[in-house]
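In order of appearance the chains are A, B, C, D and E, and numbering begins at 1 in each one.
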Amino acid sequence: MNHSIKRIRYNPRRKAGNIGDSPGAIIIPEDAVKPLICVFSYNAKELVTNEGKSIKVVLDQFKKCPDHTHWVQIRGLGDAGLIEDIGAILTINPLVLEDITNIHQRPKFDEYDDYLFAVSRMINFTKDYELVNNQFSALVKDNVIITFEETHEEYFEAVKNRLASGKGAIRTAGAGYMCYALTDTILDRYFALLAKLGDQLDTVEDRLYGNVDKSIMFETQQLKRTLIVLRRSCWPERDKINDMLRTENSLINPEVKLFLKDAYDHCIQIMDLIESYKEITSSIMDIYLSMVSNRMNEIMKVLTIISVIFIPLTFIAGVYGMNFSRVDPVTNKVMPDNLPELYNPHGYFYALGGMFVIGIIQVIIFWRKGWFSKL
Amino acid sequence: MNHSIKRIRYNPRRKAGNIGDSPGAIIIPEDAVKPLICVFSYNAKELVTNEGKSIKVVLDQFKKCPDHTHWVQIRGLGDAGLIEDIGAILTINPLVLEDITNIHQRPKFDEYDDYLFAVSRMINFTKDYELVNNQFSALVKDNVIITFEETHEEYFEAVKNRLASGKGAIRTAGAGYMCYALTDTILDRYFALLAKLGDQLDTVEDRLYGNVDKSIMFETQQLKRTLIVLRRSCWPERDKINDMLRTENSLINPEVKLFLKDAYDHCIQIMDLIESYKEITSSIMDIYLSMVSNRMNEIMKVLTIISVIFIPLTFIAGVYGMNFSRVDPVTNKVMPDNLPELYNPHGYFYALGGMFVIGIIQVIIFWRKGWFSKL
Amino acid sequence: MNHSIKRIRYNPRRKAGNIGDSPGAIIIPEDAVKPLICVFSYNAKELVTNEGKSIKVVLDQFKKCPDHTHWVQIRGLGDAGLIEDIGAILTINPLVLEDITNIHQRPKFDEYDDYLFAVSRMINFTKDYELVNNQFSALVKDNVIITFEETHEEYFEAVKNRLASGKGAIRTAGAGYMCYALTDTILDRYFALLAKLGDQLDTVEDRLYGNVDKSIMFETQQLKRTLIVLRRSCWPERDKINDMLRTENSLINPEVKLFLKDAYDHCIQIMDLIESYKEITSSIMDIYLSMVSNRMNEIMKVLTIISVIFIPLTFIAGVYGMNFSRVDPVTNKVMPDNLPELYNPHGYFYALGGMFVIGIIQVIIFWRKGWFSKL
Amino acid sequence: MNHSIKRIRYNPRRKAGNIGDSPGAIIIPEDAVKPLICVFSYNAKELVTNEGKSIKVVLDQFKKCPDHTHWVQIRGLGDAGLIEDIGAILTINPLVLEDITNIHQRPKFDEYDDYLFAVSRMINFTKDYELVNNQFSALVKDNVIITFEETHEEYFEAVKNRLASGKGAIRTAGAGYMCYALTDTILDRYFALLAKLGDQLDTVEDRLYGNVDKSIMFETQQLKRTLIVLRRSCWPERDKINDMLRTENSLINPEVKLFLKDAYDHCIQIMDLIESYKEITSSIMDIYLSMVSNRMNEIMKVLTIISVIFIPLTFIAGVYGMNFSRVDPVTNKVMPDNLPELYNPHGYFYALGGMFVIGIIQVIIFWRKGWFSKL
Amino acid sequence: MNHSIKRIRYNPRRKAGNIGDSPGAIIIPEDAVKPLICVFSYNAKELVTNEGKSIKVVLDQFKKCPDHTHWVQIRGLGDAGLIEDIGAILTINPLVLEDITNIHQRPKFDEYDDYLFAVSRMINFTKDYELVNNQFSALVKDNVIITFEETHEEYFEAVKNRLASGKGAIRTAGAGYMCYALTDTILDRYFALLAKLGDQLDTVEDRLYGNVDKSIMFETQQLKRTLIVLRRSCWPERDKINDMLRTENSLINPEVKLFLKDAYDHCIQIMDLIESYKEITSSIMDIYLSMVSNRMNEIMKVLTIISVIFIPLTFIAGVYGMNFSRVDPVTNKVMPDNLPELYNPHGYFYALGGMFVIGIIQVIIFWRKGWFSKL
């Protein structure tokens, strides 16, 4: 059970804020980390990278490369001021800024007059095989895409490599394509997770055919819940991509839509796998319960066979252990004529033989009834 | 079990009135409390508050501040006259007035020629952790919103605070926005309740992995029903907000719709959580039943092992307890040649040893069959 | 169990007629009762009532009050001629006449060129708590509404009272309103039935927490089936009202539609309650089965504990009951050196003490394993 | 079980032909019977009937009565040439001809340029209560309807009688009406079958309340499968009639559509009944399983009560059967001071009395725990 | 179990490539085989066939027969260069080329400006009865159709035969028709597989009515999963054919659409069969579990009957085996007045008789309770 999934808590972190709070208030989650800012400014020819901890680094880069496409990657939400500054620079609706820090959003795609807002769930396993379900949000406006992640962990290394290598459409297709590329990377991670879950399903099922124990049930239940979490994240992701496909906003141009169609297919494939795996967990539970019940039956059968064979025999032994006897009133001696069998010279062997025969008959009856075959 | 949910009765209060009653009749529920009236008249500059027990306080305020937005909060439905007066002042359809006092409405949004009518369910827990499911209804007309609640309990303190502080759009965005703000506060409460239910699910599940007892089943069932009640209230709430989003009535202006879109997202999130929690209660029940059955199996296994080991041994003891003997016809004495083993000087120890060997063999067989491993 | 629901037979009465019969044939059910005819002719000023057993009474009234609205209530379908006459007077399609007497129609609303036809199910309980599911059909044409019921039982007393009192819109809103008023009364009855079913659910559930017995299962199943029957009747009722709301026929004018919208909401509420109740019956069955299984486990546990404690003790007693002994070949007397314990002066008490200790150790082991706690 | 439903085989006959066969190939099923041809040529005035075994009889009749409506009833599909001839005469697409002989089609309605093609399933029980699921297909073109059935069995006697009597619209409403009339007859048969199934459900349920045995389970499963087969046939029938209602082909004129609307209602009613019956079979299975488990519990309870009462008593008897004794070393006689109770003059009666008291106490304890009440 | 289905592994092969890879990259699966290329160039008059291993053979044929329709069948995906060449020749989007080698696509139909792309799943059983689920993809452009299969295995022999014989529309109806013909052949295979599965269901069910054993459960589960896999492949196939029916691309002309409609019907029939079979597997599992439980009950009943009969008898024997006796203090002899029955001359026979009577009474009681009838 070393590599089995950790139990999922239902309320790891609550929605921040209080009942009836004003909408649009930016409330930083308690355990949020300080933001790291990376700015990637690129066009077909060059890629300029800049890192820092304040908004200044972003503005510098915007000034330096006015005609480049800028991907501002912000990892960590622990700075309300930063988010407000970004909101002010790009003139973003406060409700959108609230959604960025309110980290339990479902995947969605909202279209505003001159910018787009997209949310995804970044599903991953930690090294300890614990499910991580973080929020990823992206603001797309003109040639700028600003993305927000909850932790400092590197998640988009592959995208950065593609950006560095400059192959494919990534350097030329604008901010909308970058939004697609990040979303697709998030979806790719699902496939990796599902492959792991598939392996674990296989392992659990292998154990089913050996010796069943309670851990199979617990693990299957954990797998099932992990699948529920994945489905909850992936289902709205599909709607989101569909919304992106239908938008008429020029940031999502026909070329990007072609790629989005591909991402949409991936999404459907993921849903498909999740549903199949869920059906399989159910069937594993069914088999597990049936195996437990079968095993119980095997045990009960042994009890029954042994009891039923020995109960009559023990009764017979009890009968011949009774002290019935006749005391001769004259001689005051025990006379043999009361339990006549007892005084038969070979009575003991007759009795043992009789018991043996009764036992054998019973075994034959049970054999005929098929009790010795495996259930 | 101190903090577990109270059992839900299915018919706490009936639909008032009799079969075939005329539609539009205002029938006050038997346990309705006398109304408390609060009028909040506000604009960007000032907030005028007025409390009282009769309709006069409302009319006074309307006259005093003709250009303000008025929120008339009526807590308690125990005065049919008051509701009729309001109906007369705002010229409301009698069917709407009936719905206000008929306190088992589903959430809905009805649009009339010059006013709007919205119903929500105010879900809450009492201090004793009992589920309360009261009706909230709102009439919106021009610059007036009149809200009706069943009890005197303060539910919208946060909204009143925002009104007092004057921050955000609340003082300037009109009666439609106030309708949104109240609805959103009601939805916020769901999150708080679901957080509590999530905690309880965690607690129940923790107990699953320890010693299972019947209370787990009862609590899980209560949780499940609470979730059914929440779903029944929240599902039509979603439709209601959707209807509000699609209305072309000027009271719900585009700015309010932007906020309603946010409330709609919250609604979906709540539904999502409810569905997940429901799936989890099912899986807890499955594990519970499986645990009970496993435990039963453990107990039966002990019975079986001990019985099966001792039954043959007891039979052997019974055999050697039989009184077979030969009475010498001459000496009238018991002769040792009938149950020869009994008169073997070491027969007793041989017998004990034989029993011991049989017992050990059985233990080994069961060990091999894996009966000593936990199921 | 005095007041529990009667078992529902699946085929109380068959579809009349034979396979391949010509469509439009009026086939009177075998147990149909002779019709009672009531004619209510009313306008805002007066209400003229007339009763009888033949079509003459209807025609007379039509002549007498040409400008009134007429509600012809026909209770009993046992007269094919009457129905044919009505068909001829109002020029009704034979297929519609067939539907009136073919009493297993689903609720529906059919629109013809110059008349409307509506079917509902009149659900009720008899005094013996048996479910009655009769057909109600209504023909609406100009200022006339003709309704057909299966039995003489008074079902619409409340409507007649409202008609007599003249309050509300009932006397002025025409035949379409009357159709609504009758439908709404039928829906009101559902609420009354559901309140009764809710009470019974509460009672059954109370018994669950006491001593479970088989009757709980049978009653729950009967409740579930009653709910299935109700749902089968109410679901198409919703579609029917929806069809009425969307018709452009002038008989269903906007005022009536406002009221129908209200009836539609009632219908949804009923469906909602039925679905919740169904979920509750399922959960009661789950708890019942779990309780039975728990109880069985309790019983088995007692068996196991007592057996497992006494089985080894009885074995020990058996051992000391064995007749091993040495017969001194010289004196021919039983010598004490074969089962040495037996001839120990305090052997008996040592043995009893040993058994007692073994018993106590077992009790402690079982206590530690939690076998004495309630499952 | 004399009248219970026969088990359904899943693959009674396979799709004829091989993988990748050319579409439109007419492949006669192996067990097809030679066709019987009946031609009914009718108008309002007369009905001319003609029977035979070759296509000539059809052509003759067409020539003889050029202005009549012709119903060509072909029973038996065992003649590929006949079907090709008909295809040639009416210029039918080969794909349609393939569907006529490929006897596992779902009900469907296909519209071609100048003819219509409809498929239904003819569900029936044989005398041995075996489910028969044959294909019925109809070609409608101008004033001709050609129907194909798999067997010689008479299925449409009622339609022929109506044709002979000339009542109703049958003789005047054309080939489209005949298509409706035959479909409606097929639907009528469903009602008859469902009535039988309803009776059997009642019978099975009656037996539930008496002594449960395994046959209940098998019969219920057969009923459920029969219902699955019926649903599979009826569901597409509904779609088919819906397609017929929406066609603009003049063969299905408005008058026929009015009747088809009626058939559509029947279809919905059948679906409704099937779904209800399916729910009932599920609930019968639930009760059956619960009854079996209850019965098992009853048996186990008796075992437990008797075992638990006698186990301690038998132990006591065993204790007093132990051979502890003291042999006086001087007199070599058995002395009474080792198991003192044994030598008490009334010890036996005290022991019996003690056992009796222990037994009674146990009975009282079990009584209090409610073990003697029925589960 | 010789012919039962092999267990399905969940992750036989993974999605090739790494997380975040550039879209459109052609990644050859590790176990891909080297491609075999077959080119079939045909028109109504002739069929020219050419085989080879490089793209040259295709280009040669295109040049040789410019006015023919060309079917290029590529079996084996192990050559990235070949696929890139084909992409270059026909100017195909890289995303499409990626889909060809990424062999876990769902069936789909994508329409591009001047070509079509279709994916199907080729379901089959190996000789060892293992499920094979390979990808089939087809590119259709002008008069060329290029198909890609994963293995060298011959799957479309029937189509090639039809091509050779030249019957039907296959030689004249263009590349779109060929796409249909191949898809239809793939669907035909489903029928063959389902026939096999139906046979196996029958076999499994036969065994249900005999001696149940665990293999029934495992086989049924394997059948269920095979059905899940089939459904996952067939469901999107339906959507794909539907998309093909609605396309306005001239490659899918009305004639082809007529045939596609037929394929669509087949698809629905397959779905229908799969759903029915799934319901049957569930019902087999239900019966299996019920049978196991019944069998267990039978065994327990035997244990109970035998135990309950012998337990009191053994107790009685134990009582008469007690050593109560009175030792005459004077004579030091055992006196008969303590257990008086023991010294009754016929006591033994009375006791045996009493035991016999008690046993018979118990048998009668159990008989009356119906314990001897089969559950």
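The rule is short, and it goes like this: a residue touches a chain if its C-beta (ideal position, glycine included) is under 8 Å from a C-beta of that chain, and two chains touch if they have at least 3 such contacts.
Bear in mind the structure is a predicted one, so any value in this text is a computation, not a measurement.
Chains that touch both chain C and chain D: there are none. Rotation angle for the C-alpha superposition of chain B on chain D: 145 degrees, rounded in steps of 5.
In whole angstrom, the spacing between the mean C-alpha positions of chain A and chain E is 25. Averaging C-alpha coordinates per chain places the centre of chain A 41 Å away from that of chain D. Residue positions of chain D touching 2 or more other chains: 293, 300, 303, 307, 311, 314, 318, 321-323, 339. Interchain contacts close the chains into one ring where each touches exactly two others, per the touch definition above. Residue ranges on chain B touching chain C, taken from their complex, read 9-11, 14-15, 18-24, 93, 95, 104-106, 108, 110, 211-214, 217-218, 221, 224-225, 228-229, 232, 285, 288-289, 292-293, 295-296, 299-300, 302-303, 306-307, 310-311, 313-314, 317-318, 320-323, 331, 333-334, 336, 339, 341-343, 345-348, 351-352, 355. Of all residues in chain A, only 156-159, 161-162, 167-168, 170, 184-185, 188-189, 191-192, 195, 198-199, 201-202, 209, 258-259, 261-262, 265, 268-269, 272, 276-277, 279-280, 283, 286-287, 290, 293-294, 297, 300-301, 303-304, 307-308, 311-312, 314-315, 318-319, 321-327, 332, 337-339, 370-371, 373-375 touch chain E in the complex they form.
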